[in-house]
Amino acid sequence: MVEQPLPYSTKLPVALPSRTVRIWRERIIASILFLAAISSVVTTLVIIYILFAETVIFFEKVMEMHQESLFEALVEFFTGTDWSPLIEPVGIGILPLLSGTFTTCFVACCVAIPLGTIAAVYLSEFAPAKVRELLKPILEILAGIPTVVYGYFALLVVTPFLQKIILGVQQFFNPGKEPWEYYELPGFNMLGAGIVVGLMVLPYITSLTEDALQAVPLQLREGSYAMGATRLQTAIRVLMPAAASGIVAAYILGLARAIGETMIVAVAAGLQPKFTFNPLEGASTTTAFIVSVSLGDLPHGSLEYQSIFAAGIMLFFATLILNVAGYFFSRRYREVY
Amino acid sequence: QGTPTIRIDGSSTVFPITEAVAEQFQKAQGGKIRVTVGVSGTGGGFKKFCRGETDISNASRPILAKEIADCKAAGINFIELPVAYDALTVVVNPQNTWARSLTVAELKNIWGPDSKINNWSQVRQGFPNIPLKLFGPGADSGTFDYFTEAINGKAKVSRKDFTASEDDNVLVQGVSRDRGALGYFGFAYYMENRNRLKAVAIDNGKGPVQPSEQNVLNGTYQPLSRPIFIYVNAKSAQRPEVRQFVTYYLNNAPAMVKKVKYVPLPASAYRTILANFNRNRVGTVFGGKEAIGLTINQLLKMQPQ
Amino acid sequence: MVKPTDRVVATENEPLKKLAEVRDLNFYYSGKHALKNINLPVYEKKVTALIGPSGCGKTTLLRCFNRMHDLYPGNRYEGEIWLGDDPPRNLLQMDPIEVRMQIGMVFQKPNPFPKSIYENVAYGLRVRGINNRAILDEVVERSLRNAALWDEVKDRLEEPGTSLSGGQQQRLCIARALATDPALILFDEPTSALDPIATVSIENLIVELKDQVTILIVTHNMQQAIRISQFTAFMYLGEIVEYNETMSIFTKPVEQKTADYVSGRFG
Amino acid sequence: MVKPTDRVVATENEPLKKLAEVRDLNFYYSGKHALKNINLPVYEKKVTALIGPSGCGKTTLLRCFNRMHDLYPGNRYEGEIWLGDDPPRNLLQMDPIEVRMQIGMVFQKPNPFPKSIYENVAYGLRVRGINNRAILDEVVERSLRNAALWDEVKDRLEEPGTSLSGGQQQRLCIARALATDPALILFDEPTSALDPIATVSIENLIVELKDQVTILIVTHNMQQAIRISQFTAFMYLGEIVEYNETMSIFTKPVEQKTADYVSGRFG
Amino acid sequence: MRSQQHILNNLRNPIAIAASIQSRKRWEQFFIALGWFSLLVALLTLVFLVSDLFLRGLPMLNWKFFTSPPSSDPEEAGILTAWVGSLLVIFVTALVAIPLGIAAGIYLEEYAPKNWLLDFIEVNITNLAGVPSIIYGLLALGFFVYILNWGESILTAGFTLALLILPVVIVTTRESLRAIPQGIREAAYAVGSSRWQVIADHVLPYSMGGILTGIIVGISRAIGETAPLITIGALTFITFLPDPPIQNEFPYISFKWIWSPFTVLPIQMFNWVSRPQEAFQVNAAAAGIVLLVLTLAVNGTAIYLRYRFRKSIKW
């Protein structure tokens, strides 16, 4: 039995802290926090401003140099296959950088998407809880390795390994020739770099895909199991369609990472801008071009200085589109549940 | 007041010498003076130098007329100091058993602005059918300027589909990893990496000549022998730490240059150069032009114009 | 000692056949003893209701029937649940997928798959490898008719199941369960997430379905149990306190706990 | 037309004082009209219960009293809620923080802060700028005693509030609300997440507390309303269908809807 | 029609059921094997990468390696300037990114009205999180180095990396704030707290674990970043240390070091990787080990912290 409630002996001070003080304090704090939040928008604006400002100068110089109109310069920029802003006569066709970027990303996606999806489905639906708890941090570790270490790995481990394999395959199917008569994989090539980029984005794709699968409500899973489905059937027929937008978001964000990856390709893919889609060749990606040009300290105001901004603007907008697309896809799957 | 700092930038060819000197110098000074050495290529280095961002610029070619004008515009006077001789070296992969020597004409065929050669079999009758991969210094590079002038006849005019880098290490990496590769850069980089590169003898009409200290000294390695320089900002030269550093540089040059595998000038020459420096002799002896095929003796006789 | 389950058959006139029977079932959630010595018959073509206060183990018991607990590690069954009669088999010893292929389930919250209405109903057959369109068409139509949904959706079979209203979704889930012709369907508070009107339609549906299929239903609404079930088990703290014909449970409960509960004194 | 709220005072003998009164209140969840023309008196030192089927707006109405809806964008009040008598003020026009300083609330799920038991109870005072240890000590002890928790926790005041059992946590939340001596305490289904034993202790506590503080409580358990409240409002679809003394509501409801609900015919 | 009926009758036929289960289980076995293969690829990468690095670099790892500046002689070359540089840059980064990121996170989660501006900021942050790091390098080059005229200094580098990890800090801050049950906030409001009191007394303290994790993950990313620092010119040959932050004369603390040129660990490693001489590859591997151990340790701390905080606070 509860005893009779105790009466109040101390009268609580009714003199509450001043409302004006409180309201003003709240307002000031809110404004400071607002400024902090806006800083990200400012960052983006500054990025865009810098990229545009320098790119405009780039085009002005090119127009002067080539005696052409802005339209012609833009056409040359987007359709030309000769990117050599540093060497006379200057070529400003961006396609070689784009083809290099595309090819390495394609190789990377070929590695990361199937492996990442399978690994995610396995981790999410099949792996015992212990295994999952153990493997997820390991994948995070993989994602946390500095990319320059990956670049080193691509150059000194993966490429020699690929060279041996390619030589071995040729010798197996077509034995008896002198070693140099066989095709040799160049020391800098997009295949090795792309594979390593793929390994680097693998953890992202795995973890984002796994998140998307985990976000599918338990009721759907149980609904499927209750119909007598196996785990695999549940995963493929119910969970993957249900998580489709999340999985697409994972792919897109992985792709954006691959496009933006710099050090691996700068170390291992070669630095020559070359219009080719053959992963066995070496070529320069957009990012690798920027790094290789800025390796020597860049003289401010020179054409090469501006050329990296012109290349950068392409990169920025490519990843911008992907990131925004990824954002909306992932928001969609979050909204559904 | 902070520790006095000397800022150096420029040629990758000269870099090994300056790097070695800087290292020794800072050790000798017990860290009281700081030296930073960047690698931007000769052209990149001059761009900074002529805006007063650096105290000393490494250069693998003489300063050009346009750069002189830039410096003048910014009110910068410079002291030109040759520090060594280089044999600009054409290299191939060690697995390359066929191209022991190349003529200047063949090099021009390969590197000319309209060249479409992309296979060794197109270089010379009898060379094997192996894809040709080219590596060369970038456009800010003095080596590039010198090589294009010497081989193609006009500075900066070259085919463009090759892997270009201001950092000669990248070129060494490239050539050493590709059987069909051909590249060019300073002698020191070849010597440092002799086990992964092979030098090509150059035939300038008088038979193939290997790049070597001896062939540079006797003037037969032509047209790819060349002097290399440091340029000192005349105002910086008034600062004690810069004076100290340049003096140390020239005094130790013979040993240092040899150590990093370039060809030192005669010992007496360094004394003259140091004297020029101490006399604050500003300006260039080349008048803003590329000097091709200059022997050491010719160089030492040149007077400011 | 007379087990609570023995009482019923004695008081029953019409012939009854047990479709399933729980014998001395204990269940543990990784150490937590959630069901204690459960004994319960489930009569064919009848509705059996499980009632009891929140947390007493109703859902846990229901989910033992289709081995849902197998999906999560650490759960453990002890005892037997017998199913069928030629010959009866202990479903706790069977392959869980085999069990689930014979026992359907409808959940508390309607959970249609994010597929078309048609595919939702056809899912059970597809899972079994049946992809013949003619068969699927026939089964989909029959199941939707049985779930009293056909007229409402027959012109929009390709629309996603999630586009239906809550009550329709729940009937879709019932159709989905019916499609594979299960012997027993489990319902876990199927109307607690629905509005009163949808509730009525589901209740009517259950009453009609019982001529066709056996039903075991968890409900927290005692009036609902009265309206739709023939037998009721009252659970408390993981045990079955009392099992009897529904009318007896609510009008003349034997146990004090039951009486307290059905009169609203706790819960 | 006689408003539902007018009925009570007529049938009442002992003198009653209104602590608060809702007048023509409408409430919108960003467009959704959730409360419609609510009129309701809250008598001092009495327990008023809000009952009704799920989703009828009980919680919504309760949370109007301490302006909880102000925390979320898009919500809109129309109408008045008068509080106190010297002079009465419309709390919908007041500063929400001032309102909350006078009206306590206990939630459905016990939500102690992950701080020590002591700090949980003292928090309301600290917010008001009272940090004097002697005052805090006194208030903490008195509030815990009034919440019938003192004896159980007096030796472990420094342990986290989350280490208590569910029922203890809920009593801790009540102590926290009592500490600032509010005129009115709102309870939103305070026992629905608790086991039967904890439920009994909270119910007893509410009965004791009403001599000291006015209580407005939402419950889905009609028996609970009977046990603890003096007045009951039955809500349905956002409206108050009937308000009266509790006994009248349950024994001789005026409206058909009320009669159906209290007899379990829906909900 | 016959066969249809037959198939449907089979729905309860135990033999048909068993057959169907068996074939489906075989597919499952196959998929499990595939799953293992995929994970193995990731694991083997890790194993190869780490073991290769260790095999090559371990002999170089000694006291001298940590206390020597870089040199043209591989035997002599060490990472003194690199790790000191990394430390100072990260210090600046943390100083900028942590308060800014937490404040932004709090605003977005606790204050921002749900309108187009919030949407816009959100898209914007997601985008910034995915913008290639080299773009931040361009931003830094154009803005910090030339417009603000900070030069190629530790300050520039610190701010660059701070902007780079800001989205990570903001996003994890928001996530940890979101993990605080709404019931706790409502409870605090219900006793009369103001918004800032709710945040300062409850929301922030309870989410500190998650926020800390985000900060650490961001820092570990910053430690390994190379590309943006290359564009602002960190690749100079530097054999000296910045001015010490503490001096033995008044005012004892000096900020001259923030203007100093610098190099950092990953750049030193990159420099060595791109040298052709075999001997420098050993240095590169050794620097790689240091970098790897450092980031792993930092990441490991984050994983551990997250694990602990997840366990410690129960709602």
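Worth a mention:
Residue numbering begins at 1 within each chain, and the chains themselves are lettered A, B, C, D and E in the order written.
Everything below uses one rule, namely that a contact is a pair of C-beta atoms (placed from the backbone, for glycine too) under 8 Å apart; a residue touches a chain by one contact, two chains touch by 3 or more.
Listed by chain with UniProt protein names: A = Phosphate transport system permease protein; C, D = Phosphate ABC transporter ATP-binding protein; E = Phosphate transport system permease protein PstA.
Being a predicted model, the structure only gives us computed values, none of them experimental.
Of all chains in the assembly, those touching chain C and also chain E are A, D. When chain centres are set by their Cα atoms, the one at the greatest distance from chain C is B.
Note on chain placement: the centre of chain D and the centre of chain E lie 47 Å apart, centres being C-alpha means.
Here the spacing of chain A and chain D, counted between their Cα centres, is 52 Å. Here the CA centre of chain B is 87 Å from the CA centre of chain D. Centroids of chain B and chain E (each the mean of its C-alpha atoms) stand 41 Å apart. Along chain E, residues 21, 24, 194, 233, 235-236, 274 each make contact with two or more other chains. For chain C, the set of residues that touch two or more other chains comprises 97-98, 101, 128, 180. Among the residues of chain A, those in touch with two or more other chains are 22, 230, 233, 295, 297-298, 300. Contacting chain pairs in the structure are A-B, A-C, A-D, A-E, B-E, C-D, C-E, D-E.
Taken together, the chain C residues at the contact with chain A in this complex read 66, 68, 71, 73, 97-98, 100-101, 104-105, 107, 109, 111-115, 123-124, 126-128, 173, 176-177, 180.
On the chain A side of its complex with chain D, the touching residues are 1-10, 12-13, 16-17, 19, 22. The touching residues of chain C, counted against chain D in their complex, run 53-55, 195-196, 199, 221-223, 263-267.
Residue ranges of chain C in contact with chain E, taken from their complex: 95, 97-98, 101-102, 128-130, 132, 134-135, 138-139, 180-181, 183. Every residue of chain B that touches chain A in the complex is listed here, in rising order: 9, 12, 38-41, 44, 47-48, 51, 95, 113, 128, 130, 133, 138-140, 156-158, 160-167, 170, 173-174, 176-179.
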